[in-house]
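The structure under discussion is supplied below as structure tokens; questions concerning it will follow.
By written order: A, B, C and D. Residues from 1 in each chain.
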Amino acid sequence: MQNVRFPIRVYWEDTDAGGIVYHANYLKFMERARSDLLRQLGFGQDAQRDRDDGVLFVVASLNINYHRAAKLDDDLEVVTRLEKLGRASLIFEQNIFRGKERITTGKVRIGVIGARSHMPTPIPDDLYEKIRPWAEA
Amino acid sequence: MQNVRFPIRVYWEDTDAGGIVYHANYLKFMERARSDLLRQLGFGQDAQRDRDDGVLFVVASLNINYHRAAKLDDDLEVVTRLEKLGRASLIFEQNIFRGKERITTGKVRIGVIGARSHMPTPIPDDLYEKIRPWAEA
Amino acid sequence: MQNVRFPIRVYWEDTDAGGIVYHANYLKFMERARSDLLRQLGFGQDAQRDRDDGVLFVVASLNINYHRAAKLDDDLEVVTRLEKLGRASLIFEQNIFRGKERITTGKVRIGVIGARSHMPTPIPDDLYEKIRPWAEA
Amino acid sequence: MQNVRFPIRVYWEDTDAGGIVYHANYLKFMERARSDLLRQLGFGQDAQRDRDDGVLFVVASLNINYHRAAKLDDDLEVVTRLEKLGRASLIFEQNIFRGKERITTGKVRIGVIGARSHMPTPIPDDLYEKIRPWAEA
């Protein structure tokens, strides 16, 4: 998969009294980028919540390294690459940059669960087929 | 209703790069205090979400004045008074203090809606009877 | 001032277990729109924090009415109008829409304080002159 | 170090439209527990921000596994153990439980930096001496 770039502007809500972005908020930035990818593939997460055969993407594990601190008004970019596509899981590499500077590097494992059952569930075929060629790029 | 006091400790997550509590986060503090009141009355909000006759309490309107700024590590208190109890709505006065100092003053109107219908719904009788004497205190 | 429109996409982080946007998060959306206005006027809030003559814009009071609930993936718009420009304060009307539907209506009074002194301070002349014609539009 | 237990109540603000705690918010719970430990050792983080020789504790890296989902109103416990104490860094193991059920397991590496310099800095001697016996317990 080619890298997909998602822009983030840093607002007051994202910062803390240290004058920098609060560490947990980078996870929100990463999630926005993943949700945007799904939306671009035509996958509406909200609609899935109400369908009997709906699926949800949940974070199964995550690790993140903090290299530099982002600040108020910063113009960041989340760079996302699908590292591995399984039948009921995905692994993303997601790094955050300010220009050329690496702010954080991270890896996120996503599990797919039934919206009703909350049990592990394969990715629906049509979505899987949309993700696959792109994963192989 | 007598004043009900709910303690809040200020953590990094609550602050912003101005070195003070981010203005929207006082609304979270106020909501924690209201949720705690409901819990003390034996009303479990999560259980309501799944019941056909469940009700949810939603904020219909809110106003807040910011008098002083709270800071990291501060020990605050949300002081809540039920100003008015209607059949399908409640009005709370909620002020936040640091010791004797008033940090914010606020007023919140809550509407009651069906968990499924999302339409205005009277407060269930048993809950209403629990709130009433307390509202009159 | 003409209305200024600022787009907001709703992500998981913005929602709560009621399936809708958590009420305090609309305040974040409104703040993003105000910060963006300042940025467009060439006013860098982060730079101000470190200057001896820097100023900060702080929320002095706010009221908000919740008309409808926004949901995950919604495409919203914060519509901001400067209602009143004072020497050390501003009043904004900020309403949030989903298409033609009004989600929230709000009014925010902003005070201007010294970044060091934390005391009320007039808006710097150059910024004031940039805001004024626009306020009168 | 013995395990230190820190209670967390789940409020609406912590949840998302999936009906569960939003994944990034567990990091906030973990941070509250760490801040509370420092406070119990008499270390005031806010005071440090203004001192020339002040130090800040920043997250250098973090990994977390999500085993189960916590829900609204849940009564959780963050169990924290200091795994390693260095001169300018600490490694914490932090697991979150609901009763006996493990919700998340995590490991957090903390770096110590100068409040002014933002450069790596040894833990002040008096704080180090307070942490050490406790780390060895």
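Heads up, the rule we're going with is that contacts are C-beta pairs under 8 Å (C-beta built on N, C-alpha and C of every residue); 3 or more make two chains touch, one makes a residue touch a chain.
From a predicted model like this one, the values you see are computed outputs, not experimental measurements.
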Chain at maximum distance from chain C, centres defined as averaged CA atoms: D
Result of counting contacting C-beta pairs for A-C and A-B, higher pair: A-C
Euclidean distance of C-alpha centroids - chain B vs chain C, Å: 24
Gap in Å, rounded to a whole number, between the CA centres of chain B and chain A: 33
Distance from chain C to chain A - Cα centre to Cα centre, in angstrom: 27
Contacts with two or more other chains, residues of chain A listed in rising order: 12-13, 17-19, 24, 28, 31, 46, 49, 71-72
Chain A - residues contacting chain B, complex: 12-13, 15-20, 22, 24, 71-72
Chain C partner contacts - residues on chain B that touch it in the complex: 17-18, 23-25, 27-28, 31, 46, 49, 56, 58-66, 69, 118
Residues of chain D touching chain B in the complex: 9, 11-13, 19, 28, 31-32, 35-36, 39, 44-46, 49, 71-74
